[in-house]
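Two complexes follow with chain A in common, the first pairing it with chain B and the second with chain C.
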Partner chain A sequence: MSYTGWILLTASLVGLSCGTIGVLLILRRMAMMADAISHTVLLGIVVAFLVTRELSGYHMLIGAVVAGLLTSILIQWLQSRGVQGEASIGVVFTTLFAVGVILIATKVGNAHLDVKHALMGEITFVPWTTVHLPWIGDIPEATFILSIVLLVVLAAVIGFYKEWKITSFDPALAASIGIPVVVMHYAFMSLLSITTVAAFDAVGAIMVLAMLITPAASAYLWTDRLSLMFVLSGGFGVLAAVAGYYTAAWLDTSISGSMAFATGVLFMISFLASPKHGLLSKLLSPAVAAE
Partner chain B sequence: MTLLLSPNAWWVLLSMLVLGVASGMIGCLAYWKRQSLMSDALSHAALPGVVIAFAITGVKILPVLILGAAISALIGAFLVQWVVSSSRIKEDTAMGIVLSVFFGLGIMLLTIVNRTGGGNVSGLDGFIFGQAASMVRTDVYTMSALGLVVISIVWLGFKEWKLFLFDPAFAKGLGLSVRLMNSLYSGVLVLVIVIGIQAVGVILMSALLIIPAVSARYWTHSFKWMLIGAAVIGGGSGVIGTVISTMGKGWPTGPFIVVSSAAFFVVSLLFGAQKGLVIVRLQQRSRIKSEVSVPAEREKMVVKEGGY
Partner chain C sequence: MQGLSVTGLSAAYRKSKVLDEVNFKLPKGSLTGIVGPNGAGKSTLLKVMLELHPKLGGTVHFAGKPLKTMRKKIGYVPQRGSVDWDFPTDALDVVMMGLYGNVGWMKSPKARHREQAMAALEQMGMADYARRQISQLSGGQQQRVFLARALVQDAELYFMDEPLAGVDAATEQAIMTTLRELKGRSKTVMVVHHDLQTVEDYFDHVLLLNRTVMNYGETADVFTKDNVYRTYGAGLRWRQEVPS
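Let's look at the complex of A and B:
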């Protein structure tokens, strides 16, 4: 496949997996938790690198999942100690992120890891690091990891569709009919962490956040059906990835930045023009009723 | 430590002290408005404004960049309000969208400006993680002056702020315009964010607002002392973080300030006089059976403050 083809495929995989997780994320009102995790996986990656001294995708994946779970446990613990929810998110992630940045700036130095890369990603480098797979041939490592993550996410979402639906919309009911709500919560946090870190390498922390929240929020404005929302959200993610790539190529600028911006444009269009919950439809519908 | 001897470094330290005090105090207001993470969204939203202001004027003068940052942060704040009030998107989602999309736009523009702008641009990258050492004398003056304005607005209007935060209905009854206070609050919040981003960076600026307020909360139930405590912790971590970051070449200031204030937070969490872990443990031991209950913070505070 061509160079551009690999980049578009990788970005689309990011769009699909983030879009899917994002739906559950915004229904569970955990958008800012994603903000926190997308920052703290940096610390996980840096520590994994300091321990193993190699930049392998798998070590980083483990480091990031640990960091993600640690973030969520710390935040819950502070909340149980009486700190406001928002404030405890703010305290935990800024601190862990700052530690990560300091470790990079002082210890790891400029050996392979740098902060800008972690924040903005370097999707243009993705096609250069390949792994060899039987039958398929050489494919970029990031693309391979992202496909596996996407499969895991899809399997988890489809396999436990009913459980996700009930725990997201009505946790009390879920608990009363015997669904393990706490287990589901941590399972969700783990899925969120793996998705974040797999996407992180390709597109960076900020772009992950944009991809997680914005396509799902746009889809939320188009439909009331959960299944349709998943499809739309994944679709918007891919659309933003492709549009963002070509915008970046046209303006010769940061790819992940323009992908994030493209998700915003999609959201604005949905916000204004969606027939279901858009602004225009709300403005027009009284007039229609009056006729 | 040679840098400490130069007069410029003293000025930088002074301005970081003012910034820390100002953001600690504003952080208390944001804490009780339950808008801690709004500050995160707003500081990220400031980035495109900084870059556009630079691209239009072509010079790196702090007041111009601050103006750009303020405009784009206010647009971000307006968008969050607008989306939340006129659709079914919740506030945290709206903040996440504004945060990431504005930051993405900022990075896009920054890359373009970096490519076309020549050597003059180098300092703009510092807006991401903060570079206090790169501030020149006029930047220091601008920052300190604006920081002092913020501090005096909070200090002089102390009574009004207290009413506004804890009993808006009563404030209205007294003829205090809640709308005016709200605009003033947004104004000082944005102001303290935009003067801070050059030194601390857009990504970690929110920590300077959140952490001192949360830490001070562990020491007192009185709003007045919380403000003072947050000011001390904010100012202290501003100075300590800046000093540490000058010890290494190219060390970013923001992360060190955040880690210093996190150290204050851990100390407060353990030893704080009100809800610190050690105190709570001691209380539990002295009254083995009676449970230490934590009633709703806000009510407790109003009662403690004497009620209105």
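Let's look at the complex of A and C:
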């Protein structure tokens, strides 16, 4: 495949997996949690690197899941001790993130791991690091890992569709009929962590947030059906990724920044034009009624 | 026959105790109103009995058995305000959630589950609204959907948190008809209730609660001026709020 082809495929995989997870993130009202996770997985990556002394994608995934779970357990613990919700999220993620930054500065030196890269990502480098797969041949490692993560995310969302629905809508009812709400919570945090870290290489920690939240928030404006919201959100993610890439090529600017910007444009359009909640339909409907 | 027995039940949020040594017994087939001032711990009592909130101590038996073996036989209706009504789903879908415990892990609901849910919506007079997005329903209609969801659970014991709060008169009648019908089928039903005027009409048993049980028993014996005063403290104006 061409260089551009790999980048577009990788970006689309980011859009699809972030868009899918983003729906649950929005409906479970955990957008702040994504903010926290997108920072603390840095610590997971650094520790994985210090332990294994190599920057392999699989080690990073494991490190990210551990860091993600640690983050959510610490936040839960502080909240159960009476620390106010958002404050405990802020305290935990800034602290863990700072530990990650300090470790990079003091222990890692300049071994392929710098803060700017982790925060901003660099999708243009993605095609250079490849892995060899039987039958398929050489493909970029980041693309391969993203495909696996997407499969895991889709399997989890589709396989446990009704369990996600009930624990998101009415956790008290879910618990009362014996669905393990707490297990589902940590499973979700794990999915969020692997999605975030897999998307890191392509778009960086900050842009992951845009990809996680904005396509899902846009999809929410267009539909009242959960299944359709998943499809739209994934589709918006891909659309923003592709549109962002071409915008960046056209304006010769940051790819990840353009992708995040594209998600914002999509949201603005949805906000103005969506049939149920959009400003346009609200402006138009009294006029229709008056005729 | 025993419906529900609670002994020495206590619970707290962080360090402040909100339920202290709650003890009561209710017979099977009773329709009980839980009555007490705001913040008395009524919602917490339901949650702690169903282990949705941890208890500090005490035991609860449903028809003589612990919760673990009775989960499928218990229906819970949370306060209407406890869920997000903007969630992308419709009335029928919400009712079907009551059946998720029977559908089984990772399986999707079948046609017969859909039919059961439709029948329950019909019983609550909501069949025409089955496909309506839940935020497009009135408060009374939303509460009927919650009731329909409890009905499909086909439980032996029901716990409902203020199902009559903020509903229209027609919905109030529809819900009361349903509750009496459940009682008629020997279900044990506990309902958090806020309107002192209607307690005597609606419930055969009353539990007066204010951090602990002030009184409980048959309505005629327990729902007296003195007991209600004691439960609510000085703030209550008896004549205005309760017909004596």
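One rule holds in what follows: the second predicted complex is superposed on the first by the 291 of 291 C-alpha atoms of A that agree within 3 Å, B and C clash if a C-alpha of one lies under 4 Å from a C-alpha of the other, contacts with A are read in each partner's own complex, and residues count from 1 in each chain.
Throughout what follows, contacts are C-beta pairs under 8 Å (C-beta built on N, C-alpha and C of every residue); 3 or more make two chains touch, one makes a residue touch a chain.
Bear in mind that the values here come from a model prediction, so they are computed numbers and not experimental data.
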Q: Scan A:Phe125 for contacts with chain B and chain C and give back first, second, both or neither.
A: neither
First (chain B), second (chain C), both or neither: which does A:Phe97 touch?
first
Notebook entry, point to check: Who does A:Tyr186 touch here: chain B (first), chain C (second), both, or neither?
Noted result: neither
Next item on the list: Check the residue A:Tyr246 against both partner chains and state whether it touches chain B (first), chain C (second), both, or neither.
Entry: neither
Winner on chain A touched-residue count between chain B and chain C: chain B
Original post:
Counting only touches as set out at the top, which of chain B and chain C does A:Ala87 meet: first, second, both, neither?
Top reply: first
Now for A:Glu163: first (chain B), second (chain C), both, or neither, which partner does it touch?
second
**Message:** Just checking: does A:Tyr220 make contact with chain B only, chain C only, both, or neither of them? Give me first, second, both or neither.
**Reply:** both
Check the residue A:Leu209 against both partner chains and state whether it touches chain B (first), chain C (second), both, or neither. first
After superposition on chain A, the chain A residues reached by both chain B and chain C are 29, 81-82, 220
Listed in rising order, chain B residues that touch chain A in their complex are 31, 34-37, 39-40, 83, 86-90, 92-97, 99-112, 115, 125, 128-129, 203-204, 206-207, 210-211, 213-214, 217, 248, 250-252, 254-256, 258-259, 262, 265, 269, 275, 277, 294, 297
Note: in the complex, chain A contacts chain B through residues 26, 29-32, 34-35, 39, 81-84, 86-91, 94-95, 97-99, 101-102, 105-106, 115-116, 119-120, 206-207, 209-210, 212-214, 217, 220-221, 248, 251-254, 256-261, 263-264, 267, 271, 277-279, 282
In their shared complex, chain C is touched by residues of chain A numbered 27, 29, 80-82, 159-163, 165-166, 168-170, 172-179, 220, 223-226, 228-229
Per the touch rule, the chain C residues reaching chain A in their complex are 14-15, 47, 50-52, 71-72, 74, 76, 78, 82-84, 87-90, 93-94, 97-98, 100-101, 103, 105-106, 108-109, 133, 149, 153
